[in-house]
Amino acid sequence: MTTEIPGTIRVSRTVAFGDCDPAGIAYTRRLFDYCLEAIDEAWKYVLDGKGWYELSTDHDRGTPFVNITMDFTGPVTPRDTLDLIVRLSRVGQSSITFEVSARQAGRDCFKGIFTSVVVERQIMTKVRSDDWTLHQLKAWAKV
Amino acid sequence: MTTEIPGTIRVSRTVAFGDCDPAGIAYTRRLFDYCLEAIDEAWKYVLDGKGWYELSTDHDRGTPFVNITMDFTGPVTPRDTLDLIVRLSRVGQSSITFEVSARQAGRDCFKGIFTSVVVERQIMTKVRSDDWTLHQLKAWAKV
Amino acid sequence: MTTEIPGTIRVSRTVAFGDCDPAGIAYTRRLFDYCLEAIDEAWKYVLDGKGWYELSTDHDRGTPFVNITMDFTGPVTPRDTLDLIVRLSRVGQSSITFEVSARQAGRDCFKGIFTSVVVERQIMTKVRSDDWTLHQLKAWAKV
Amino acid sequence: MTTEIPGTIRVSRTVAFGDCDPAGIAYTRRLFDYCLEAIDEAWKYVLDGKGWYELSTDHDRGTPFVNITMDFTGPVTPRDTLDLIVRLSRVGQSSITFEVSARQAGRDCFKGIFTSVVVERQIMTKVRSDDWTLHQLKAWAKV
(Lines give C-alpha, C1' and ligand atoms only; values in the text may rest on other atoms or scores of the structure.)
Protein backbone atom coordinates (compact mmCIF):
# COMPACT_ATOMS: atom_id res chain seq x y z
CA MET A 1 0.00 0.00 0.00
CA THR A 2 1.39 3.38 -0.96
CA THR A 3 0.14 6.94 -0.96
CA GLU A 4 1.45 10.09 -2.62
CA ILE A 5 -1.58 12.31 -3.03
CA PRO A 6 -3.51 13.76 -0.04
CA GLY A 7 -6.63 11.76 0.66
CA THR A 8 -5.58 8.90 -1.61
CA ILE A 9 -4.12 5.44 -1.11
CA ARG A 10 -3.25 2.72 -3.58
CA VAL A 11 -3.76 -0.97 -2.78
CA SER A 12 -2.41 -3.74 -5.02
CA ARG A 13 -3.73 -7.25 -4.68
CA THR A 14 -3.89 -10.64 -6.30
CA VAL A 15 -7.14 -12.05 -7.65
CA ALA A 16 -7.60 -15.62 -6.41
CA PHE A 17 -8.81 -18.60 -8.44
CA GLY A 18 -11.62 -18.98 -5.93
CA ASP A 19 -12.73 -15.39 -6.63
CA CYS A 20 -13.64 -16.35 -10.19
CA ASP A 21 -16.87 -17.77 -11.53
CA PRO A 22 -17.52 -20.30 -14.30
CA ALA A 23 -17.12 -17.49 -16.86
CA GLY A 24 -13.46 -17.43 -15.78
CA ILE A 25 -13.48 -13.86 -14.46
CA ALA A 26 -13.77 -12.43 -10.95
CA TYR A 27 -17.38 -12.71 -9.81
CA THR A 28 -19.08 -9.32 -9.30
CA ARG A 29 -19.47 -9.87 -5.56
CA ARG A 30 -15.73 -10.10 -5.18
CA LEU A 31 -15.13 -6.76 -6.93
CA PHE A 32 -17.44 -5.23 -4.38
CA ASP A 33 -15.51 -6.97 -1.63
CA TYR A 34 -12.18 -5.74 -2.97
CA CYS A 35 -13.50 -2.18 -2.64
CA LEU A 36 -14.62 -2.74 0.95
CA GLU A 37 -11.25 -4.21 1.92
CA ALA A 38 -9.44 -1.29 0.26
CA ILE A 39 -11.62 1.26 2.09
CA ASP A 40 -10.84 -0.51 5.36
CA GLU A 41 -7.14 -0.13 4.50
CA ALA A 42 -7.72 3.61 3.98
CA TRP A 43 -9.24 3.89 7.46
CA LYS A 44 -6.24 2.07 8.92
CA TYR A 45 -3.90 4.37 7.06
CA VAL A 46 -5.59 7.55 8.30
CA LEU A 47 -6.25 6.43 11.88
CA ASP A 48 -2.86 4.89 12.69
CA GLY A 49 -3.93 1.29 12.26
CA LYS A 50 -7.53 1.62 13.41
CA GLY A 51 -9.72 -0.04 10.80
CA TRP A 52 -13.35 -1.10 11.04
CA TYR A 53 -12.50 -3.83 13.53
CA GLU A 54 -10.72 -1.52 15.98
CA LEU A 55 -13.29 1.27 15.47
CA SER A 56 -16.08 -1.16 16.25
CA THR A 57 -14.43 -3.10 19.07
CA ASP A 58 -12.34 -0.47 20.85
CA HIS A 59 -13.79 2.94 19.94
CA ASP A 60 -17.57 2.55 19.73
CA ARG A 61 -17.67 3.70 16.13
CA GLY A 62 -19.34 2.19 13.08
CA THR A 63 -19.48 3.37 9.48
CA PRO A 64 -22.58 1.79 7.92
CA PHE A 65 -22.96 2.40 4.20
CA VAL A 66 -25.96 4.41 3.07
CA ASN A 67 -25.28 4.33 -0.67
CA ILE A 68 -22.99 2.47 -3.03
CA THR A 69 -22.78 3.00 -6.79
CA MET A 70 -20.49 0.98 -9.02
CA ASP A 71 -19.69 1.03 -12.74
CA PHE A 72 -18.08 -1.98 -14.37
CA THR A 73 -16.11 -1.41 -17.55
CA GLY A 74 -13.90 -4.46 -17.98
CA PRO A 75 -13.37 -8.00 -16.69
CA VAL A 76 -10.93 -8.81 -13.87
CA THR A 77 -8.85 -12.00 -14.03
CA PRO A 78 -6.21 -13.70 -11.85
CA ARG A 79 -3.54 -13.15 -14.53
CA ASP A 80 -2.44 -9.72 -13.32
CA THR A 81 -2.23 -7.70 -10.14
CA LEU A 82 -5.26 -5.51 -9.53
CA ASP A 83 -4.57 -1.91 -8.51
CA LEU A 84 -7.15 -0.05 -6.48
CA ILE A 85 -7.02 3.68 -5.85
CA VAL A 86 -9.09 4.80 -2.85
CA ARG A 87 -9.82 8.53 -2.59
CA LEU A 88 -11.70 10.27 0.18
CA SER A 89 -13.78 12.68 -1.87
CA ARG A 90 -16.08 14.22 0.72
CA VAL A 91 -16.45 14.65 4.48
CA GLY A 92 -19.85 16.02 5.46
CA GLN A 93 -21.52 16.70 8.82
CA SER A 94 -21.39 13.02 9.75
CA SER A 95 -21.14 11.28 6.40
CA ILE A 96 -18.13 10.52 4.25
CA THR A 97 -17.61 9.41 0.66
CA PHE A 98 -14.83 7.24 -0.69
CA GLU A 99 -14.27 6.70 -4.41
CA VAL A 100 -12.52 3.52 -5.50
CA SER A 101 -11.20 2.94 -9.01
CA ALA A 102 -9.55 -0.26 -10.20
CA ARG A 103 -7.16 -0.98 -13.05
CA GLN A 104 -5.53 -4.15 -14.26
CA ALA A 105 -2.86 -4.52 -16.95
CA GLY A 106 -3.36 -0.92 -18.04
CA ARG A 107 -7.13 -1.17 -18.40
CA ASP A 108 -9.87 0.40 -16.27
CA CYS A 109 -11.99 -2.34 -14.70
CA PHE A 110 -14.50 -0.74 -12.34
CA LYS A 111 -15.08 2.21 -10.11
CA GLY A 112 -17.39 2.88 -7.23
CA ILE A 113 -18.65 5.60 -4.94
CA PHE A 114 -19.17 4.52 -1.32
CA THR A 115 -21.01 6.78 1.13
CA SER A 116 -21.13 5.97 4.85
CA VAL A 117 -22.45 7.61 7.96
CA VAL A 118 -20.16 7.57 10.99
CA VAL A 119 -22.10 6.51 14.08
CA GLU A 120 -21.61 5.89 17.76
CA ARG A 121 -22.23 2.18 17.77
CA GLN A 122 -23.89 1.64 21.13
CA ILE A 123 -26.55 4.27 20.63
CA MET A 124 -26.55 3.98 16.80
CA THR A 125 -26.56 7.77 16.44
CA LYS A 126 -24.65 9.89 13.96
CA VAL A 127 -21.50 11.39 15.41
CA ARG A 128 -21.18 15.16 15.80
CA SER A 129 -19.37 17.01 13.03
CA ASP A 130 -16.35 17.55 15.30
CA ASP A 131 -15.87 13.84 16.00
CA TRP A 132 -12.20 12.81 16.11
CA THR A 133 -12.69 10.39 13.22
CA LEU A 134 -14.01 13.10 10.88
CA HIS A 135 -11.35 15.47 12.08
CA GLN A 136 -8.55 13.08 11.12
CA LEU A 137 -10.14 12.29 7.76
CA LYS A 138 -10.40 15.99 6.90
CA ALA A 139 -6.82 16.64 7.91
CA TRP A 140 -5.65 13.80 5.70
CA ALA A 141 -7.70 14.62 2.64
CA LYS A 142 -7.52 18.39 2.98
CA VAL A 143 -11.24 18.52 2.16
CA MET B 1 -40.12 -18.31 -4.21
CA THR B 2 -43.44 -16.96 -5.33
CA THR B 3 -44.67 -14.53 -7.94
CA GLU B 4 -47.97 -12.74 -8.39
CA ILE B 5 -47.16 -9.59 -10.34
CA PRO B 6 -45.81 -9.65 -13.93
CA GLY B 7 -42.07 -9.16 -13.98
CA THR B 8 -41.73 -9.70 -10.23
CA ILE B 9 -40.61 -12.55 -7.99
CA ARG B 10 -40.28 -12.77 -4.24
CA VAL B 11 -37.46 -14.72 -2.59
CA SER B 12 -37.39 -15.42 1.17
CA ARG B 13 -34.17 -16.48 2.80
CA THR B 14 -32.44 -16.95 6.12
CA VAL B 15 -29.50 -14.79 7.13
CA ALA B 16 -26.67 -16.99 8.41
CA PHE B 17 -24.50 -16.37 11.47
CA GLY B 18 -21.50 -16.47 9.16
CA ASP B 19 -23.00 -13.65 7.07
CA CYS B 20 -22.68 -11.27 10.02
CA ASP B 21 -19.75 -9.13 11.05
CA PRO B 22 -18.45 -8.15 14.51
CA ALA B 23 -21.12 -5.42 14.65
CA GLY B 24 -23.63 -8.30 14.80
CA ILE B 25 -25.42 -7.44 11.55
CA ALA B 26 -25.15 -8.84 8.04
CA TYR B 27 -21.97 -7.52 6.43
CA THR B 28 -22.60 -5.22 3.45
CA ARG B 29 -20.99 -7.64 1.00
CA ARG B 30 -23.55 -10.26 1.85
CA LEU B 31 -26.49 -7.91 1.13
CA PHE B 32 -25.01 -7.43 -2.30
CA ASP B 33 -24.68 -11.17 -2.66
CA TYR B 34 -28.28 -11.77 -1.60
CA CYS B 35 -29.36 -9.48 -4.47
CA LEU B 36 -27.24 -11.36 -7.00
CA GLU B 37 -28.62 -14.72 -5.87
CA ALA B 38 -32.18 -13.37 -6.06
CA ILE B 39 -31.62 -12.02 -9.59
CA ASP B 40 -30.26 -15.43 -10.60
CA GLU B 41 -33.50 -16.93 -9.27
CA ALA B 42 -35.46 -14.48 -11.43
CA TRP B 43 -33.57 -15.66 -14.52
CA LYS B 44 -34.35 -19.28 -13.62
CA TYR B 45 -37.98 -18.40 -13.14
CA VAL B 46 -38.30 -16.68 -16.51
CA LEU B 47 -36.19 -19.09 -18.55
CA ASP B 48 -37.58 -22.40 -17.27
CA GLY B 49 -34.73 -23.17 -14.91
CA LYS B 50 -31.91 -21.59 -16.90
CA GLY B 51 -29.96 -19.37 -14.55
CA TRP B 52 -26.52 -17.83 -14.96
CA TYR B 53 -24.86 -21.23 -14.81
CA GLU B 54 -26.93 -22.77 -17.58
CA LEU B 55 -26.83 -19.58 -19.67
CA SER B 56 -23.05 -19.54 -19.41
CA THR B 57 -22.37 -23.26 -19.76
CA ASP B 58 -25.06 -24.43 -22.20
CA HIS B 59 -26.27 -21.35 -24.11
CA ASP B 60 -23.24 -19.13 -24.68
CA ARG B 61 -24.82 -16.21 -22.87
CA GLY B 62 -23.46 -13.97 -20.13
CA THR B 63 -25.03 -11.01 -18.33
CA PRO B 64 -22.15 -8.88 -17.01
CA PHE B 65 -23.22 -5.98 -14.82
CA VAL B 66 -22.47 -2.49 -16.08
CA ASN B 67 -23.92 -0.55 -13.16
CA ILE B 68 -25.14 -1.30 -9.66
CA THR B 69 -26.61 1.24 -7.24
CA MET B 70 -27.69 0.33 -3.73
CA ASP B 71 -29.32 2.25 -0.87
CA PHE B 72 -29.13 0.90 2.66
CA THR B 73 -31.78 2.02 5.10
CA GLY B 74 -31.73 -0.48 7.95
CA PRO B 75 -29.64 -3.31 9.43
CA VAL B 76 -30.24 -6.98 8.55
CA THR B 77 -29.91 -9.65 11.25
CA PRO B 78 -30.31 -13.45 11.47
CA ARG B 79 -33.34 -13.09 13.75
CA ASP B 80 -35.93 -12.90 10.97
CA THR B 81 -36.48 -14.11 7.45
CA LEU B 82 -35.35 -11.63 4.80
CA ASP B 83 -37.80 -11.01 1.93
CA LEU B 84 -36.43 -9.86 -1.39
CA ILE B 85 -38.63 -8.57 -4.21
CA VAL B 86 -36.97 -8.72 -7.63
CA ARG B 87 -38.58 -6.68 -10.40
CA LEU B 88 -37.48 -6.50 -14.01
CA SER B 89 -37.93 -2.78 -14.63
CA ARG B 90 -36.44 -2.33 -18.08
CA VAL B 91 -35.44 -4.30 -21.16
CA GLY B 92 -33.44 -2.23 -23.65
CA GLN B 93 -31.69 -3.05 -26.93
CA SER B 94 -29.34 -5.46 -25.21
CA SER B 95 -29.37 -4.29 -21.62
CA ILE B 96 -31.73 -5.10 -18.78
CA THR B 97 -32.40 -3.64 -15.37
CA PHE B 98 -33.53 -5.47 -12.26
CA GLU B 99 -34.61 -3.68 -9.09
CA VAL B 100 -34.30 -5.55 -5.81
CA SER B 101 -35.86 -4.37 -2.56
CA ALA B 102 -35.49 -6.13 0.79
CA ARG B 103 -37.58 -6.08 3.94
CA GLN B 104 -37.23 -7.80 7.27
CA ALA B 105 -39.72 -7.86 10.14
CA GLY B 106 -41.80 -5.14 8.49
CA ARG B 107 -38.90 -2.77 7.92
CA ASP B 108 -37.24 -1.72 4.65
CA CYS B 109 -33.58 -2.74 4.72
CA PHE B 110 -32.03 -1.99 1.33
CA LYS B 111 -32.80 -1.67 -2.30
CA GLY B 112 -30.71 -1.81 -5.43
CA ILE B 113 -30.80 -1.23 -9.16
CA PHE B 114 -28.80 -3.72 -11.20
CA THR B 115 -28.14 -3.12 -14.91
CA SER B 116 -26.58 -5.82 -17.09
CA VAL B 117 -25.75 -6.24 -20.73
CA VAL B 118 -26.64 -9.58 -22.28
CA VAL B 119 -23.73 -10.88 -24.35
CA GLU B 120 -22.74 -13.84 -26.47
CA ARG B 121 -20.02 -15.21 -24.25
CA GLN B 122 -17.55 -16.63 -26.76
CA ILE B 123 -17.28 -13.45 -28.78
CA MET B 124 -18.13 -11.14 -25.83
CA THR B 125 -20.50 -9.11 -28.02
CA LYS B 126 -23.88 -7.68 -27.08
CA VAL B 127 -26.78 -9.80 -28.27
CA ARG B 128 -29.19 -8.45 -30.89
CA SER B 129 -32.39 -6.90 -29.60
CA ASP B 130 -34.39 -9.93 -30.81
CA ASP B 131 -32.33 -12.41 -28.80
CA TRP B 132 -34.45 -15.19 -27.26
CA THR B 133 -33.38 -14.19 -23.76
CA LEU B 134 -34.63 -10.61 -24.13
CA HIS B 135 -37.76 -11.87 -25.84
CA GLN B 136 -38.68 -14.07 -22.87
CA LEU B 137 -37.88 -11.34 -20.35
CA LYS B 138 -40.15 -8.88 -22.19
CA ALA B 139 -42.98 -11.37 -22.40
CA TRP B 140 -42.73 -12.01 -18.67
CA ALA B 141 -42.48 -8.42 -17.52
CA LYS B 142 -44.81 -6.96 -20.15
CA VAL B 143 -42.29 -4.13 -20.62
CA MET C 1 -35.70 -28.85 6.27
CA THR C 2 -37.14 -32.13 7.47
CA THR C 3 -36.25 -34.71 10.07
CA GLU C 4 -37.37 -38.28 10.60
CA ILE C 5 -34.55 -39.97 12.48
CA PRO C 6 -33.51 -38.93 16.03
CA GLY C 7 -30.48 -36.70 15.95
CA THR C 8 -30.72 -36.12 12.20
CA ILE C 9 -31.95 -33.32 9.96
CA ARG C 10 -32.00 -32.98 6.19
CA VAL C 11 -31.35 -29.64 4.48
CA SER C 12 -31.91 -29.14 0.74
CA ARG C 13 -30.39 -26.17 -1.00
CA THR C 14 -29.54 -24.67 -4.36
CA VAL C 15 -25.96 -24.22 -5.51
CA ALA C 16 -25.49 -20.69 -6.84
CA PHE C 17 -23.58 -19.68 -9.99
CA GLY C 18 -21.40 -17.51 -7.77
CA ASP C 19 -20.48 -20.56 -5.67
CA CYS C 20 -18.70 -22.09 -8.67
CA ASP C 21 -15.15 -21.63 -9.83
CA PRO C 22 -13.66 -21.49 -13.34
CA ALA C 23 -13.70 -25.31 -13.43
CA GLY C 24 -17.51 -24.97 -13.45
CA ILE C 25 -18.09 -26.78 -10.15
CA ALA C 26 -18.75 -25.53 -6.62
CA TYR C 27 -15.49 -24.26 -5.17
CA THR C 28 -14.25 -26.33 -2.20
CA ARG C 29 -14.69 -23.43 0.22
CA ARG C 30 -18.39 -23.32 -0.49
CA LEU C 31 -18.84 -27.04 0.30
CA PHE C 32 -17.33 -26.32 3.66
CA ASP C 33 -19.67 -23.39 4.06
CA TYR C 34 -22.71 -25.47 3.14
CA CYS C 35 -21.81 -27.81 6.00
CA LEU C 36 -21.50 -24.95 8.50
CA GLU C 37 -24.86 -23.49 7.46
CA ALA C 38 -26.49 -26.92 7.75
CA ILE C 39 -25.03 -27.47 11.23
CA ASP C 40 -26.37 -24.05 12.25
CA GLU C 41 -29.80 -25.22 11.04
CA ALA C 42 -29.45 -28.32 13.24
CA TRP C 43 -28.80 -26.11 16.29
CA LYS C 44 -31.88 -24.05 15.46
CA TYR C 45 -33.93 -27.21 15.09
CA VAL C 46 -32.85 -28.63 18.44
CA LEU C 47 -32.92 -25.39 20.45
CA ASP C 48 -36.25 -23.98 19.26
CA GLY C 49 -34.79 -21.48 16.83
CA LYS C 50 -31.61 -20.67 18.69
CA GLY C 51 -28.75 -20.95 16.23
CA TRP C 52 -25.17 -19.69 16.52
CA TYR C 53 -26.33 -16.08 16.35
CA GLU C 54 -28.81 -16.35 19.22
CA LEU C 55 -26.47 -18.56 21.27
CA SER C 56 -23.71 -15.99 20.88
CA THR C 57 -25.79 -12.83 21.25
CA ASP C 58 -28.45 -13.81 23.79
CA HIS C 59 -27.14 -16.85 25.70
CA ASP C 60 -23.40 -16.36 26.15
CA ARG C 61 -22.59 -19.59 24.35
CA GLY C 62 -20.15 -20.29 21.54
CA THR C 63 -19.29 -23.54 19.76
CA PRO C 64 -15.78 -23.10 18.30
CA PHE C 65 -14.61 -25.97 16.11
CA VAL C 66 -11.63 -27.95 17.30
CA ASN C 67 -11.42 -30.39 14.39
CA ILE C 68 -12.94 -30.74 10.95
CA THR C 69 -12.33 -33.61 8.55
CA MET C 70 -13.86 -33.76 5.08
CA ASP C 71 -13.79 -36.30 2.25
CA PHE C 72 -14.71 -35.24 -1.26
CA THR C 73 -15.95 -37.91 -3.62
CA GLY C 74 -17.73 -36.11 -6.44
CA PRO C 75 -18.23 -32.65 -7.96
CA VAL C 76 -21.15 -30.40 -7.00
CA THR C 77 -22.85 -28.29 -9.68
CA PRO C 78 -25.77 -25.81 -9.83
CA ARG C 79 -27.79 -28.22 -12.02
CA ASP C 80 -29.44 -30.08 -9.15
CA THR C 81 -30.55 -29.54 -5.59
CA LEU C 82 -27.94 -30.53 -3.02
CA ASP C 83 -29.17 -32.62 -0.08
CA LEU C 84 -27.29 -32.47 3.17
CA ILE C 85 -27.89 -34.87 6.05
CA VAL C 86 -26.68 -33.57 9.42
CA ARG C 87 -26.35 -36.13 12.21
CA LEU C 88 -25.30 -35.45 15.78
CA SER C 89 -23.03 -38.43 16.35
CA ARG C 90 -21.53 -37.70 19.75
CA VAL C 91 -22.07 -35.54 22.82
CA GLY C 92 -19.11 -35.63 25.22
CA GLN C 93 -18.31 -33.80 28.47
CA SER C 94 -18.34 -30.44 26.69
CA SER C 95 -17.66 -31.34 23.08
CA ILE C 96 -20.03 -32.44 20.34
CA THR C 97 -19.61 -34.00 16.92
CA PHE C 98 -21.81 -33.50 13.88
CA GLU C 99 -21.45 -35.57 10.73
CA VAL C 100 -22.63 -34.05 7.47
CA SER C 101 -23.06 -36.02 4.25
CA ALA C 102 -24.10 -34.54 0.91
CA ARG C 103 -25.69 -36.08 -2.15
CA GLN C 104 -26.73 -34.62 -5.49
CA ALA C 105 -28.66 -36.33 -8.28
CA GLY C 106 -28.24 -39.71 -6.60
CA ARG C 107 -24.49 -39.43 -6.14
CA ASP C 108 -22.45 -38.98 -2.95
CA CYS C 109 -20.51 -35.71 -3.11
CA PHE C 110 -18.77 -35.15 0.18
CA LYS C 111 -18.98 -35.86 3.87
CA GLY C 112 -17.46 -34.26 6.90
CA ILE C 113 -16.98 -34.72 10.63
CA PHE C 114 -17.19 -31.49 12.65
CA THR C 115 -16.18 -31.43 16.32
CA SER C 116 -16.84 -28.37 18.49
CA VAL C 117 -16.42 -27.45 22.11
CA VAL C 118 -19.32 -25.64 23.74
CA VAL C 119 -18.06 -22.66 25.73
CA GLU C 120 -19.32 -19.81 27.86
CA ARG C 121 -18.40 -16.97 25.57
CA GLN C 122 -17.50 -14.22 28.02
CA ILE C 123 -15.05 -16.30 30.00
CA MET C 124 -14.15 -18.60 27.05
CA THR C 125 -14.39 -21.66 29.28
CA LYS C 126 -15.87 -25.06 28.43
CA VAL C 127 -19.39 -25.51 29.74
CA ARG C 128 -20.13 -28.09 32.42
CA SER C 129 -21.40 -31.44 31.21
CA ASP C 130 -24.89 -30.63 32.53
CA ASP C 131 -25.18 -27.43 30.47
CA TRP C 132 -28.68 -26.90 29.05
CA THR C 133 -27.33 -26.93 25.49
CA LEU C 134 -25.76 -30.39 25.87
CA HIS C 135 -28.83 -31.61 27.69
CA GLN C 136 -31.11 -30.70 24.80
CA LEU C 137 -28.73 -32.15 22.20
CA LYS C 138 -28.61 -35.48 24.09
CA ALA C 139 -32.36 -35.62 24.43
CA TRP C 140 -32.75 -35.03 20.69
CA ALA C 141 -30.14 -37.47 19.48
CA LYS C 142 -30.71 -40.10 22.15
CA VAL C 143 -26.93 -40.42 22.49
CA MET D 1 5.79 -14.42 0.41
CA THR D 2 9.15 -15.89 1.27
CA THR D 3 10.72 -19.32 1.27
CA GLU D 4 13.87 -20.69 2.87
CA ILE D 5 13.25 -24.39 3.34
CA PRO D 6 12.77 -26.81 0.38
CA GLY D 7 9.11 -27.52 -0.20
CA THR D 8 7.97 -24.70 2.08
CA ILE D 9 6.63 -21.20 1.57
CA ARG D 10 5.46 -18.60 4.05
CA VAL D 11 2.52 -16.29 3.31
CA SER D 12 1.65 -13.33 5.55
CA ARG D 13 -1.74 -11.72 5.28
CA THR D 14 -4.15 -9.35 6.98
CA VAL D 15 -7.42 -10.56 8.47
CA ALA D 16 -10.27 -8.31 7.28
CA PHE D 17 -13.13 -6.96 9.40
CA GLY D 18 -15.51 -8.67 6.99
CA ASP D 19 -13.81 -12.03 7.67
CA CYS D 20 -15.00 -11.90 11.28
CA ASP D 21 -18.26 -13.08 12.76
CA PRO D 22 -20.39 -11.67 15.59
CA ALA D 23 -18.08 -13.39 18.10
CA GLY D 24 -15.43 -10.92 16.90
CA ILE D 25 -13.03 -13.54 15.52
CA ALA D 26 -12.36 -14.81 12.01
CA TYR D 27 -15.21 -17.11 10.99
CA THR D 28 -14.11 -20.75 10.51
CA ARG D 29 -14.90 -20.68 6.78
CA ARG D 30 -12.37 -17.93 6.25
CA LEU D 31 -9.58 -19.91 7.94
CA PHE D 32 -10.27 -22.65 5.45
CA ASP D 33 -10.17 -20.09 2.66
CA TYR D 34 -6.86 -18.66 3.86
CA CYS D 35 -5.37 -22.15 3.54
CA LEU D 36 -6.69 -22.58 -0.01
CA GLU D 37 -5.31 -19.20 -1.08
CA ALA D 38 -1.93 -20.03 0.48
CA ILE D 39 -1.79 -23.40 -1.30
CA ASP D 40 -2.58 -21.63 -4.58
CA GLU D 41 0.40 -19.34 -3.86
CA ALA D 42 2.56 -22.43 -3.35
CA TRP D 43 1.55 -23.73 -6.79
CA LYS D 44 2.42 -20.37 -8.33
CA TYR D 45 5.77 -20.40 -6.57
CA VAL D 46 6.70 -23.87 -7.81
CA LEU D 47 5.32 -23.57 -11.34
CA ASP D 48 6.68 -20.12 -12.26
CA GLY D 49 3.42 -18.26 -11.73
CA LYS D 50 1.01 -21.00 -12.77
CA GLY D 51 -1.62 -21.28 -10.06
CA TRP D 52 -4.99 -23.00 -10.15
CA TYR D 53 -6.34 -20.48 -12.64
CA GLU D 54 -3.56 -20.96 -15.17
CA LEU D 55 -3.46 -24.74 -14.62
CA SER D 56 -7.18 -24.93 -15.27
CA THR D 57 -7.42 -22.41 -18.12
CA ASP D 58 -4.17 -22.91 -20.01
CA HIS D 59 -2.83 -26.36 -19.09
CA ASP D 60 -5.83 -28.68 -18.75
CA ARG D 61 -4.96 -29.54 -15.16
CA GLY D 62 -7.11 -29.54 -12.04
CA THR D 63 -6.26 -30.46 -8.45
CA PRO D 64 -9.55 -31.44 -6.76
CA PHE D 65 -9.27 -32.10 -3.04
CA VAL D 66 -10.00 -35.60 -1.84
CA ASN D 67 -9.46 -35.03 1.88
CA ILE D 68 -9.00 -32.07 4.18
CA THR D 69 -8.35 -32.26 7.94
CA MET D 70 -8.02 -29.18 10.12
CA ASP D 71 -7.28 -28.62 13.81
CA PHE D 72 -8.15 -25.30 15.42
CA THR D 73 -6.23 -24.32 18.52
CA GLY D 74 -6.71 -20.58 18.92
CA PRO D 75 -8.81 -17.66 17.66
CA VAL D 76 -7.72 -15.44 14.76
CA THR D 77 -8.40 -11.68 14.89
CA PRO D 78 -7.75 -8.65 12.65
CA ARG D 79 -5.34 -7.18 15.23
CA ASP D 80 -2.23 -8.91 13.93
CA THR D 81 -0.78 -10.27 10.73
CA LEU D 82 -1.48 -13.96 10.19
CA ASP D 83 1.47 -16.09 9.09
CA LEU D 84 0.82 -19.26 7.13
CA ILE D 85 3.46 -21.86 6.45
CA VAL D 86 2.65 -24.15 3.50
CA ARG D 87 4.67 -27.35 3.22
CA LEU D 88 4.42 -29.94 0.48
CA SER D 89 4.65 -33.09 2.56
CA ARG D 90 3.97 -35.84 0.04
CA VAL D 91 3.88 -36.45 -3.71
CA GLY D 92 2.32 -39.81 -4.60
CA GLN D 93 1.46 -41.50 -7.91
CA SER D 94 -0.99 -38.74 -8.79
CA SER D 95 -1.91 -37.28 -5.42
CA ILE D 96 -0.19 -34.61 -3.37
CA THR D 97 -0.44 -33.42 0.21
CA PHE D 98 0.11 -29.91 1.51
CA GLU D 99 0.26 -29.08 5.21
CA VAL D 100 -0.62 -25.56 6.28
CA SER D 101 0.05 -24.18 9.76
CA ALA D 102 -0.92 -20.72 10.93
CA ARG D 103 0.39 -18.51 13.71
CA GLN D 104 -0.57 -15.05 14.91
CA ALA D 105 1.19 -12.90 17.50
CA GLY D 106 3.35 -15.85 18.57
CA ARG D 107 0.46 -18.26 19.05
CA ASP D 108 -0.51 -21.34 17.00
CA CYS D 109 -3.99 -20.84 15.53
CA PHE D 110 -4.78 -23.75 13.25
CA LYS D 111 -3.23 -26.31 11.00
CA GLY D 112 -4.53 -28.43 8.18
CA ILE D 113 -3.64 -31.32 5.90
CA PHE D 114 -4.89 -30.95 2.32
CA THR D 115 -4.74 -33.87 -0.10
CA SER D 116 -5.52 -33.41 -3.79
CA VAL D 117 -5.45 -35.55 -6.90
CA VAL D 118 -3.92 -33.98 -9.99
CA VAL D 119 -6.16 -34.60 -13.01
CA GLU D 120 -6.37 -33.86 -16.70
CA ARG D 121 -9.37 -31.60 -16.64
CA GLN D 122 -11.08 -32.39 -19.92
CA ILE D 123 -11.17 -36.12 -19.37
CA MET D 124 -11.22 -35.87 -15.53
CA THR D 125 -8.60 -38.61 -15.24
CA LYS D 126 -5.67 -38.80 -12.84
CA VAL D 127 -2.40 -37.73 -14.43
CA ARG D 128 0.41 -40.23 -14.89
CA SER D 129 3.08 -40.29 -12.20
CA ASP D 130 5.57 -38.65 -14.59
CA ASP D 131 3.34 -35.62 -15.24
CA TRP D 132 5.27 -32.35 -15.46
CA THR D 133 3.35 -30.91 -12.53
CA LEU D 134 4.34 -33.74 -10.18
CA HIS D 135 7.87 -33.64 -11.50
CA GLN D 136 8.28 -29.96 -10.60
CA LEU D 137 6.69 -30.43 -7.18
CA LYS D 138 9.09 -33.29 -6.36
CA ALA D 139 12.10 -31.31 -7.50
CA TRP D 140 11.07 -28.41 -5.30
CA ALA D 141 10.25 -30.37 -2.17
CA LYS D 142 12.96 -32.98 -2.56
CA VAL D 143 10.41 -35.65 -1.62
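Lettered A, B, C and D in written order, each chain numbered from 1.
The rule we apply is simple: contacts are C-beta pairs under 8 Å (C-beta built on N, C-alpha and C of every residue); 3 or more make two chains touch, one makes a residue touch a chain.
Fair warning: this is a prediction, and the values are worked out from it, not measured in the lab.
Taking B-D and B-C together, the chain pair joined by more C-beta contacts is B-C. Comparing mean CA positions across the assembly, the chain most remote from chain A is C. We define each chain's centre as the mean of its Cα atoms; on that basis chain B and chain D are separated by 34 Å.
Chain centres here are Cα means. That of chain C falls 24 Å from that of chain D. If you average the Cα atoms of chain B and of chain C, the two centres end up 28 Å apart. Contact of a single residue of chain B with at least two other chains is seen at positions 17-18, 20, 22-24, 28-29, 33, 36, 53, 56-57. Those residues of chain B whose C-beta lies close enough to touch chain D in the complex are 17-18, 20-24, 27-29. Of all residues in chain A, only 16-18, 20, 24, 33, 36-37, 40, 51-54, 56-57, 77-79 touch chain D in the complex they form. Interface of chain A with chain B (complex): residues 22-23, 28-29, 32-33, 36, 53, 56-57, 62, 64-73, 75, 121.
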